[in-house]
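I'd like to ask some things about the structure below.
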Amino acid sequence: MSLMSLTALELGKKIQAKEVSAVEAAKEALGQIKKLDGSLNCFVTVEEDSVLKKAEEVQKKIDAGELAGPLAGVPAAVKDNICTEGVRTTCSSRMLENFVPTYTAEAVKNLEQAGVVVLGKSNMDEFAMGSTTETSYFGPTRNPWDTEHVPGGSSGGSCAAVAAEECSFALGSDTGGSIRQPSSFCGVTGLKPTYGTVSRYGLIAYGSSLDQIGPIGKDAADCAAVLEAVASHDPKDSTSMKRDSYDFLSALDEDVRGLRIGIPKDYFGDGLDEEVKSHILEAAKVLESRGAVLEEFDLSLVEYAIPAYYVIASAEASSNLARFDGVKYGYRTSEYEGLHNMYKKSRSEGFGPEVKRRIMLGSFVLSSGYYDAYYLKALKTKALIKQAFDRAFEKYDVILGPAAPTTAPKLGESLSDPLKMYLGDIYTVSVNLAGLPGITVPCGTDGKRLPIGMQLIGDCFQERKILRAAHAYEQTRAYTHCPLAAEQV
Amino acid sequence: MSKQYETVIGLEVHVELATKTKIFCSCSTEFGGAPNTHTCPVCTGMPGSLPVLNRQVVEYAAAVGLATNCSITRKCKFDRKNYFYPDNPQNYQISQLYEPICRNGYVEIDTPSGTKKIGIHEIHMEEDAGKLIHDEWEDCSLVDFNRSGVPLIEIVSEPDMRSADEVIAYLDKLRLIIQYLGASDCKLQEGSMRADVNLSVREVGSEKLGTRTEMKNLNSFKAIARAIEGEKERQIELLEMGRPVIQETRRWDDNKESSHAMRSKEDAQDYRYFPEPDLPPVIISDEWLEEIKARQPELRTEKLIRYKKEFDIPDYDAQIITSSKKMADLFEATTALCGKPKKVSNWLMVETMHLMKEHDMEADDLKFSPENLAKLIDLADAGTINSSVAKEVFEKVFLDDIDPDQYVEEHGLKTVSDEGALRSVIEQVIASNPQSVEDYRNGKEKAIGFLVGQTMKAMKGKANPGLVNQILKELL
Amino acid sequence: MANMISDETMEYVGILAKLELSDEEREQAKKDMEQMLDYIDMLNTLNTDGVEPMSHIFPIHNVFREDVVENDDEHEKILANAPAAKDGAFKVPKTVE
């Protein structure tokens, strides 16, 4: 049996028990990458030479008893918008093709402290803008379940790498669904924590008020373990929250009897694929059978989340991405006349179409005369959306719904119609607007054998509740390895 | 008869705060240093870096607000001002637009027609930009981010000033207040205080404001006065010709004594402000505000009253001494050491001012220590050195902050009060100046002055002048 | 289509964003933007009277650093990714105000 088919926690246990070494685990991950990544393109950068050295060092510490955590020696992928000192961090953009950060993001530091062996940097939509991982400058990532299909995005490389068992788990980032949607498309479990739970220091910003780093793994237990490792109060991130507890693993021991689950009717209306719908409702029934209390309700304002999200995210992005100007780092055009021409050419050549589209939109909605009508209006809408969730969480512990309206589309189907692509974010973006935690759990496949994901949303700081529900659901079914990975076993 | 015009002026004053570190990172604010040696990922806008606010910046900004009668915004926020320029590493500046820390204040200035209130519209906190150096050898510019992220406050006045004199008086007032608070050294030449002038003209009696221009690059009080004069004339000329004044930013060239518009197709002047998502708001509680108030040092007005009461020094002297914080600090520290306020005041008012003028120095450039001035005053007061020696020694103190005790000892400058030694020198002086002796004896009282001088000269200035006079009279 | 973006607006936004689009790109971007704005206009059907705009999700405030120098001279690292550098500084086309 391949070590990569184990969950991160199972592998970690074997490493602690000295049944396998961190080096063996890393070698197997590298082997799998070698076998599959040529066609899948989950990774932008694999640090082959240093991975084994890192694994050796980790193993030494494990042998010396210095590293005894559940993830020590486990190989992982890190999304390529999270800075790693000495390892290029590209945001899958030509702009940062050769950018080598001089510091490591807090979340990755935390992982390294836990003894995790980082294999490399995973592919993504350029600057996390997209839902398919097709906007990557380094080419699209393919869905390991069916390589004709996209893995989702923007953390498509991370989710596909986990599904293809090229790593034990991965870090992604989620601004409007970028962990939960590709997790759904790839049949893995992905968690977006409460805003402020994982430090954003070193995460290359897209929408600062929405961005969160989170774990992607085979199951809820892995997500809980990784979240426990990466979450911290970081004085370098002023929006980082000091939480009462960073204990997430122990939530898995609790059952769901009496857990109140709200099912928003507005999440099951037009646009939702029938197969997806029936699988989600079936999964809800499973939780009910385990003792949870289901109730349908009207969440309201669902249709306003996407426009509000695109105004806020694009506006912040237009400002966050202004620093890429060919002066301090990144791409600079080869020929130019004067400063402004250099700016314009460097940025126009360095950014892809989707990034430019959002920067233009963001600059426009902030420009003189439009700020109140667009940006301020969006911030007010955000306040109302937050209130709607607050009301819901007075009655329910968890909100249950789909993560995406459909299963993974085919490559090339989405980019032609941006608005349609944006509409696919309908079930995920409001969670970011309200700062809530959300997790996607696989709940079967459709007729095309493409995975379907169920999304569980919790109130702020209630990761334990959604982990508990996700874990309880997983107890009723085995993890389904994607066919491609299963062949390798 | 030609029309009478009135100039309407408002000021935007940027002040660099005297913090040890930058506003959003732990880099030093120390001046100088090789390019980019005081930088980090935050102040160079590296991808993924995030700002964390320096508490001291808030305290200084609030202190300046309190001292200028502002109301302090209890919940203030930061906003991003977006514009591309190479000295601006993120291509946005973190500033405050919607909720600045201070609002609605004023300072009082003295004008020929009495005290006048100049309104302060707001004070906000923001970060400074880096520096662009123009390369001498290559056709390029070089960017140094050492100043990037140095904390600034911008003090925006109401358009309440009507002349260059009022502008200078207002700036002087602000400078004094801020220096007294210790919030900045406020040096115009070095750029720790910078003023942009918003100016418009209108016909006297008109209620409506004219179109204003903003003038930048004013590095001295003189430049400000000249720029105001120049811009006023330019605008009046336009109006007289029936042409409109265009609202624009102009750069003053003090060498050419003229300004030019800083316009470019690429400068849209549309800053797309929006709330800074990386920084939570600052809430200033009653308790915190009280703490800041309690720590507020004594300002000039309070000092003036106290000096007169506590030290009994004349109003004029007190005005001069308190006209800079440096001088006031020197006065108080020296007085605390020697306990002779009037003598200290005298040394500062007379000899110090004299030497400052001679060396073209400002009070802030003074380098001598209160300890050495106090020692000198004690030496002179005890008669250990006479007044002319004291002046000579003071010049050394003034220039090199030498220790007067040691200096007097090493150079043998102590006053000679040995009667026997003096008497023999005086006898020689009398013998070699028969003409003066005769003049004196013939009733020319003044002639004795020459003989005293000769004696002092022979004694290399160290004689006790009283004793010399006494012996001379006796021998004559 | 309700929102009409003029060529002037596209050029203006290009100046703000420092982006230079080819004619083809600009036409596409214009169309996309008009379509997005039409969609965003849906927000106008929501009554937000009296609603406080929410920029920060959590009511945290007063996150400060103390005024203590902690950073060393790291100019080599800072310049490591510069497309062009000279004498320890970032090199840019000649820029005068």
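So that you can tell them apart, the chains are marked A, B and C in the order they are listed, and the count of residues begins at 1 in each.
As a working rule, contacts are C-beta pairs under 8 Å (C-beta built on N, C-alpha and C of every residue); 3 or more make two chains touch, one makes a residue touch a chain.
Given the structure is predicted, the values throughout are model-derived calculations rather than measurements.
Participant: Taking each chain's centre as the mean of its Cα atoms, which chain lies farthest from chain B?
Facilitator: Of all chains, A has its centre farthest from that of chain B.
Participant: For the interfaces A-C and A-B, which has the higher count of C-beta pairs in contact?
Facilitator: Pair with more contacting C-beta pairs, A-C versus A-B: A-C.
Participant: If you average the Cα atoms of chain B and of chain C to get two centres, how far apart are those centres in Å?
Facilitator: Roughly 39 Å, centre to centre.
Participant: Where the CA atoms of chain A average out and where those of chain C average out, how many Å apart are those spots?
Facilitator: Centre separation, chain A to chain C: 23 Å.
Participant: Quick one: report the Å distance separating chain A from chain B, using the average Cα coordinate of each chain.
Facilitator: Inter-chain centre distance comes to 55 Å.
Participant: Hey, what residues on chain A touch two or more of the other chains?
Facilitator: 99, 102, 209, 235, 238-239, 318, 322, 325, 327-329, 339-340, 343, 363, 367, 379
Participant: Two-or-more-chain contact residues of chain C, please, as numbers and ranges.
Facilitator: Where chain C meets two or more other chains at a single residue, that happens at 12, 16, 18, 55-56, 58, 60, 63, 65, 74, 78, 90, 92-95.
Participant: Among the residues of chain B, pick out those that touch two or more other chains and give their numbers.
Facilitator: If we look for residues of chain B contacting two or more partner chains, we find 41, 44, 46, 52-53, 82, 84, 86, 143, 266, 270, 272, 275, 277, 279-280.
Participant: Going by the contact rule set out above, which residues of chain B touch chain C in the complex?
Facilitator: 19-21, 25-28, 34-41, 44, 46, 52-56, 58, 75, 77, 82, 84-86, 132-135, 138-145, 217, 251, 262, 265-266, 268, 270, 272, 275, 277, 279-283
Participant: Within the complex, which stretch of chain B touches chain A?
Facilitator: Going through chain B, the ones touching chain A are 41, 44-53, 80, 82, 84, 86, 89-92, 143, 266, 270, 272-275, 277-280.
Participant: Mind pulling up the chain C residues that touch chain A in the complex?
Facilitator: 9-10, 12-14, 16-21, 25, 28-29, 32-33, 35-37, 39-44, 46, 48, 51-58, 60, 63, 65, 74, 77-78, 80-84, 90, 92-95
Participant: Can you check the complex and tell me which residues of chain A touch chain B?
Facilitator: Per the stated touch rule, the residues are 82-83, 89, 91, 96, 99, 101-103, 105, 200-205, 207-209, 235-239, 315-316, 318-319, 322-325, 327-329, 339-340, 343, 363, 366-368, 371, 375, 379.
Participant: Under the definition above, what is the set of chain A residues touching chain C in their complex?
Facilitator: The contact residues of chain A facing chain C are 98-100, 102, 195-196, 209, 235, 238-239, 241, 301, 303-304, 306-308, 310-311, 318, 322, 325-332, 336-340, 342-345, 347-348, 351, 353, 356-357, 359-365, 367, 374, 376-384, 386, 418-419, 422, 434-435, 460.
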